[in-house]
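Labels for the chains are A, B and C, by order of writing; each one numbers its residues from 1.
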Amino acid sequence: MATVCSNCVMDTTDSMIVFDENGVCDHCNNFYEHTLPNWHTDERGQKELDALVAKIKVEGEGKDFDCIIGMSGGIDSSYLTYIAKEKLGLRPLVFHVDAGWNSQEAVNNIEKLVDKLELDLYTEVIDWEEMKDLQLAFFKSGVSHVDTPQDHAFFATMYKFAEQYNVKYILTGANLSTECVRNPIEWMYYQSDSVQLKDIHSQFGTKPLHNFPVTSILRHKLYLPYIKGIKVVRPLNSVAYVKEDAIQLLIERFGWQPYPQKHFESRFTKFYEGYWLPEKFGFDTRKVQFSSLIVTGQMTRDEALEKLSQPPYDKRTIAHDFEYVATKLGISVDELQEYMDAPNKSYKDYKSQQSIYNVGAKIMKMLGLEVGGKR
Amino acid sequence: MLRSRVIPCLLVKNNGLVKTVQFDQPKYVGDPINAVKIFNEKEADELVVLDIDATVQGRDPDYDLIKNLAAECRMPLCYGGGVKSVEHFKKIISLGVEKVAISSAAVHEPELIARAAEIVGGQSVIVVLDVKKKRFGSKYEVYTHNGTQASGLIAADFVKKCESLGAGEIVVNSIDHDGTMCGYDHKLIEQVRSAVSIPVTVLGGAASLTDMKNLVDRFEPIGMAAGSLFVFKGKYRAVLISYPNQTERDEVVIRKRI
Amino acid sequence: MISIVDYGLGNILAFSNIYKKLNIPASVISTDQELQHAEKIILPGVGSFDWAMTRLNDSGMRDTLDHLVLEKKVPILGVCVGMQMMAKRSDEGSMDGLGWIDAEVKRMDTSGEKQGLCLPHMGWNDVSPVKGSHLFSRLEDDARFYFLHSYYFAHKSEDQILAQTNYGGEFTSSAHLENVYGVQFHPEKSHHWGVQLLKNFAELS
């Protein structure tokens, strides 16, 4: 029986969780002590945002677009696209990475936003045969973070494009409002760790990674921002972003289609977060998402506990979803079940650059460059 | 009232979806299974999937792929590519496909149309003709092997033969308009449509629903297939699957009578 | 339990996939023995009349099917050629039909003023059911289904009509007599409209 935080709903399925004398966890305490004081959504946030927007506009003068927005069709990136065009007056290129798992809602949402906001769209389609092989390699490795190939590809592709076309600003929908409490690395190890990706690939992959885009933490935290001057910015942190209001607005204004849970715009991620993680490892990412909403006042703890009492996947459709994932990966349902039943491994079982991440995180926090939650 | 059909046409090459321009410069579009699933969720009228490598490479249809695609379709599916025998027809239909298309095989062995129709029924035997306008005159010539081999056959004449042999539908694909999004070739459609009384579907050049509406106004009922229109978006030809919803389609697929 | 008769024709997989997704038990039946205990039957069909009748007669299931339908009054849904087979005969072929409904199958008329009519009738068309039909319940007014045929079910009496469709004139797109139901269109390939109809059939008491 897991011990649950008395303030949010994180619990001891995060094996690194620490509770204070009031039973409040370190995720919450980190938020109140470190994140909240440095998170400005009022006039200070507006000032920061105005300054940023001015820089982006100057940078984009005479060009077809002044920034790129990483767009998945999910709530965060969709709302960001709307804000960027209508509220901030930017001229973004909407940038979508197709990893082969788009849901119908995702493509509908991208289409609606691009059309109604009259924006240009650029899509990079990942080589599906290589993506499939890499995803299968991750399943075979037994680690929890089997969604790394998708995540890694998203960022690597965007950086590559930005560097190639000299785009200085990448806008992402990452935000504190719904993500201030973050997935522990035990649940989701750093997707940008190329050493781990390559090690798992070399052990379990069968196809060389010719077309698959690979990036690395040093490349995108040091080289790109400091040498090439390419910055990743998170404008949703400077506005009052209330998820339910944002969803309503998008539905009414654009015909945006919602889907059951955060990140479910990708069919794979729906399987990953809704079934693979909770069933195989006992990691329920809803706890992370709801805890973010609790500390930001968008959900009560009781509401969260009520939702958590239901399984994270739909019992009526899970067999069908399971079969679809197996079919897409070119394996049988039995083989996928074997991977589900195999012993659980972690990122520690494979090579990694974790030490660099640890050092980097400390430095960023010291310099006040990182106000996010603990990993 | 019978509606004209709005039909996405997907091309498969090396297990992946591609889109061509005038049958050249294939651009990678992604995984076929997920694309078909999305069209199914958008409740597309019908779907055509053509394996453009099979005949050129001299290989059989990819049965695993066909089975996986059929499993995602709750609308009729037409499959073509590498089909050369009645056995192929039977096997593909048993995997859950309603219609099987032949192209080169129809040109080189037209009697296959009759033999297949006898077993699976004419409604499941579809002849796909890739055509190019002849340099002189107004007629169109049928090509095979991905538009590389001229057959010497005139489209408007050959479709009559296909009909007499029992074909259920003709799909006429304009090589000149392929991937250009410059509109359908009305002259071509006129010639083929007036030559037969079996259903005709046209492919090549669609740029908008207005192109389709114009076709319905003139030729209803007619099958309207498109590739680029449903797969690309905007000036960068960004890959994004789209398809009109029921309301948008109803505006187009029945000629409005005043 | 829905029994889907596999006699070598028709999109069996499509029917079983739909019922699987609806969580309604269904199984594919290809032998006489398996058919014996059927409670509700689907008879799919694609292709020509004679070919379908030959395959059904050769399947070893014909006698049991007749017994279940005519004597035990097991509900059965014939689809496309499966529906046409329920009639006595067809213009398309020379073999006898199952004869469960006193009707004939005729070729759609393309003579005279109907000369421009394309055959096969191919595509999405409206279906107007008679009032109160359980098979068509919960289907909105603009329900449409996918048709693919050149011959139609020529009913002999009005009370056999369950639904009509217009193509060169009204024809019977769904027929019914006691426990025997037929649909000319393909519910297994008609998106959510077809799924609803198949669900309705499963829920018929």
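The rule is simple: a contact is a pair of C-beta atoms (placed from the backbone, for glycine too) under 8 Å apart; a residue touches a chain by one contact, two chains touch by 3 or more.
Just so you know, these numbers come straight off a predicted model, no measurement behind them.
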Worksheet entry | Pair with more cross-chain C-beta pairs in contact, given B-C and A-B | B-C
Worksheet entry | Chain whose averaged C-alpha position falls nearest the assembly-wide average | B
Response to the item:
Taking each chain's centre as the mean of its CA atoms, chain A sits from chain C at a distance in Å of 49
Worksheet item: Between chain B and chain C, what is the gap in Å from one C-alpha centre to the other?
Response: 28
Discussion item. Using Cα averages as centroids, what's the distance between chain A and chain B in whole Å?
Written reply: 39
Worksheet, complete the sentence: In chain B, the residues touching two or more other chains are 71
Worksheet item: Residues of chain A that touch two or more other chains: which are they?
Response: none
Item to complete: Could you list the positions in chain C whose residues touch two or more of the other chains?
Response: none
Worksheet entry | Residues of chain B defined as touching chain C within the complex | 1-5, 43, 45-46, 70-71, 73-76, 93, 95-96, 98, 118-124, 168-169, 197-200, 221, 223
Discussion item. If we count contacts the way the header does, which residues on chain B are in touch with chain A in the complex?
Written reply: 15-16, 28-31, 33-34, 37-38, 41-42, 68, 71, 233-236, 238-242
Discussion item. Using the touch definition from the top, list the residues of chain A that touch chain B in their complex.
Written reply: 96, 98, 100-104, 107-108, 110-111, 114, 120-123, 125-129, 132, 267, 324, 327-328
Worksheet entry | Parts of chain A lying in touch with chain C, wherever the complex brings them together | 316-317, 320
Item to complete: Using the touch definition up top, name the residues of chain C that touch chain B in the complex.
Response: 11-14, 17-18, 46-48, 51, 81, 110, 116-126, 144, 146-150, 166-167, 186, 188-192, 194-195
